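First subunit A sits with subunit B, and in the next complex the same chain sits with subunit C.
Up next, the complex of A and B:
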């Protein structure tokens, strides 16, 4: 069994174990309502995490995702407050804005050879400020959080049966992205660009275009999540999403996509997202202080990353030993 | 056989837990953050009221000043089948959906200070706008209708602070048009940031006669900055809320005044209201029942009227 498969099995086992422990500690945990709102939470983070997984596979980072969530919600709420345009026109515009921001990130990273962290941190600041500037104001100039009443927009926060629409979209997007990454040439190009950009370039892959595409996808995912968030809360706030980057990063890293690039996949990210959502929900169910939550999440990141590094080291050592033994054997045969 | 025994034991445990959960009344308290004197005082007021009640359990959660977290926690109270929720919404619009959801499941929600957009059981409020107006009147009177004032604001979109500022500005515009508002900056509700802002106000304005900070923490910050600059006796500083430390500073003459509300009382009123709804003594109406706790202008002359047990 491969390293990542074992890892995934262990995480899934842990996930189930925690679930059982929680349902014994607090029977309301297993209520359908609770499971569905937990999945809703997980999906809001998870949609962003799908885009972020691709970023990490290219060995990049995108710090602007939170601010993209903020600005997208502000764009929607501006359309709702000042125009009569229907939701099926302004929602695509808002999603396109997310892609456009991703394009800008990708453009600066590839054409000026700037570090990903710096570029996206800068766009994060700019977007957070812009979100406040374009926020809807009342007659005295104070930021006003509009109460959204557009039924089409609000339908994004509804459920189909007991399942929230956002959960369905999350699952579909995850399946599509996984398929794209593993079964198409463009997906392979993304892995290659992350594993070794020079080798990828030499073998004829347009690395710059691949990277720009990945950042655009990340912007799109953040924008999509923003629409579901605003529909859920029936309002949009200029500080939406800002500060939520850490949950997203944690989900992806716990899911087994390392910062070094070249490996990782969406299944891992789904498990990581569920893991974080379960812990957040569990802490509330156990009546623990929410302050413990970041400590627990931080602790889990450390443990999984240490385990990853240790396992990788172990596997490499084994591989070198095997290679050496083989070389010795062939030498003996040759002699 | 052993397996069957285990399953019976587990089922019994499960049943027991369910039974225990349904027998008692659960009341949840969800303020914007627990780390403030005001929200602590509310909590004490609520706890004191609930203490004598049989079979009532009480749980407080911390929304850490983020509306998204508060919405998640509301969902959790709802899913756990709480019987009533006392909520201080971080934002009126952002919490409306949650309050609607709770009330839809028959859980009455009593809001503190910030009303939401759709009707719910009750709102026990200290009338932020009215109290802001009161501070405006007091400052205007003390300055004789002339001078320069500055405002240390709350973060943009933080409704409670915005309402206070609106009330203050309304008083200035209506009663004292000759008083100039020379600056308004966001102090993020906190003392450190207020010191920084007050410093810049003092540097830019050679003449600064009064400052209104929309909460007491920031008023204390403004006082520290003014004292360091040696201009404390030239600037009148007003805060908002009336927490214990600020009242002491008012007695010492370092802070001019604050809009005081008896937060213990306010918390107790909300808790009492919840109990009355649950016992059937009060009925939920079609509109939100607004209970106003009047503000009181605490200055050096009047602060003695606030008894030690009313200070929080």
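Up next, the complex of A and C:
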């Protein structure tokens, strides 16, 4: 059995174990309402996490996802407040804005050869400031809470049967992305660009264009998530999504996509997203202080990464030992 | 003559930055007549002193090719811890500060160990640290803004003045001088630069990169703790969100100061000028009555511009190459 399969089994086992523990501790946990709300929360993070998985596969990082959520929700609110345009016009505009931001990130990273991390941190600051500036204000200049009444927009927050639409979209997007990554040439290019950019370039892959595409996809995913978030809250605030980066990073990393690039897939990210959502819900349901949440999430990231590195080190040691033994044996046979 | 020109060359970055700073001052004094007053300039120095103090230690991480994002949370936590030790547990204020510094050093040491021994990227470790330190700060302070009224000598650290100049400014300049000497004149500083420039070569010449990095993150955390103590005394309150977003200002100061984030070079004096420049930009936005939302926008743009300048790529060449890329002609059609 491969390592990633074992990892997923362990994670699924942990998911079930924590689920059982939670339902014993608090019977309201197993209610359909709570489970579906939890799935909805997970899907909102998960949609962003899908884009982020691709970013990590290229060995990059995108710190601007939270700010993209803020600015795209502000774009929607502006259209709703100041124009009569229907939802099927401004929602594509908001999604395109997410793509455009991703393109800018990718352009700076690839063409100016700047570190991904600091470029996206800078755009994060710029976008967070812009979101505050374009936020709809009242006469005194304070940010106004716009109540979204557009039925088409609000339908994004509704349910099909007991399942929220966002959950369905999350699953469909996950399947499509997984298929794209594993079965198309562009997906293979993304893996190759992350594993070894030089080798990828030498074998004829346009690495720059691949990277820009991945950052655009990440921006698109964040924008998509922001529309579902605004539809669920029936309002939008310029603080939306800011600081959510860590939940997303934790979900992806625990799902088995390392920071080193070249490896990872969407199935792991789905399980990781569910895991983080379950932990957050559990902290809430157990009545613990909400301030424990950041401590736990930060702790999970460090523990996961440390465990990964330890395992890798162990596996490499084993492999070299096996190779040495084999060499010794063949020498003896030769003698 | 020769040594003179060498000296000039060595401080080229700082001199150029100083020129930009003077230019910025001229522009700002033309825009607003309130700018070039002693009161306003002291205010700017006072407002950048926290970032300046953090920068003196945080600059070592980029020089080794890493980064420390946990400085802001560490500072906030330091203020809260110092308050707990002094006012809840009733310790002497000097003892309380010393214990807080030891805790800060311990957290920095932990950051360094996880980064080096487990080969985790520094920004992930320190970002996770930023998050959990924030959680601990919220937990310890119960999410409240705690007002610190005593002890009086502790409050003097932030509010007190010597010869009409606030004490935090003295602390900042002392740390800048110490940090500059540590970087340029000591074995440790040489090792830090060597590790950032070429880790393998440094290792072959007998430098222990792991140990150097662990010390680097410890220093970074200690100066963040000092900044947190000064901040608690200056604002007379301990609050987990007191320093939110400061890490971006610290990185801006470092990048503007000519330190490459790829490692191998850096200037403490440059970072100080960078911090003052950030202060001037914020001050200018204030004097122009711009909303505070322009602050992160300005910071972000300054970071991008400074990064591109540090990188030494020519913007027109990149744009030209982009417009001449294969497929651009078809795309235009």
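Annotations for the structure displayed:
Throughout what follows, the second predicted complex is superposed on the first by the 327 of 335 C-alpha atoms of A that agree within 3 Å, B and C clash if a C-alpha of one lies under 4 Å from a C-alpha of the other, contacts with A are read in each partner's own complex, and residues count from 1 in each chain.
Quick note on the criterion: a residue touches a chain if its C-beta (ideal position, glycine included) is under 8 Å from a C-beta of that chain, and two chains touch if they have at least 3 such contacts.
Being a predicted model, the structure only gives us computed values, none of them experimental.
Of the two partner chains placed by superposition, only subunit C is touched by A:130; subunit B is not. When both complexes are overlaid on chain A, the residue A:237 reaches subunit B alone and has no touch with subunit C. In the superposition on chain A, no contact is made by A:21 with either subunit B or subunit C.
In the superposed model, A:142 lies in contact with subunit B only, and not with subunit C. In the superposition on chain A, contact of A:229 is made with subunit B only, not with subunit C. Judged by the touch definition given at the top, the superposed model places A:291 against both subunit B and subunit C. Once the two complexes are laid over each other on the shared chain, residue contacts for A:309 go to subunit C alone; subunit B is not touched. Contacts of A:89 after superposition: neither subunit B nor subunit C is touched. Common to the subunit B and subunit C contact sets on subunit A are residues 132, 289, 291.
Those residues of subunit A lying in contact with subunit C across their complex are 61, 107-108, 111-115, 117-119, 121-126, 128-130, 132-133, 246, 249, 259, 289, 291-299, 301-302, 305-306, 309-310. If you check the complex, the residues on subunit C that touch subunit A are 67, 114, 118-121, 123-125, 127-132, 134-136, 138-139, 143, 248, 251, 255, 261-262, 291, 293-297, 299-301, 303-304, 307-308, 311, 313, 318, 321-322. The touching residues of subunit B, counted against subunit A in their complex, run 10, 13-14, 17-18, 21, 59, 61-62, 64, 66-69, 71-73, 75-76, 78-81, 91-94, 96-97, 117, 156-157, 162, 165-166, 169. Every residue of subunit A that touches subunit B in the complex is listed here, in rising order: 24, 26-28, 31, 33-34, 37, 41, 132, 135, 140, 142-148, 157, 229, 232-235, 237-240, 243-244, 280-281, 284-285, 287, 289-291.
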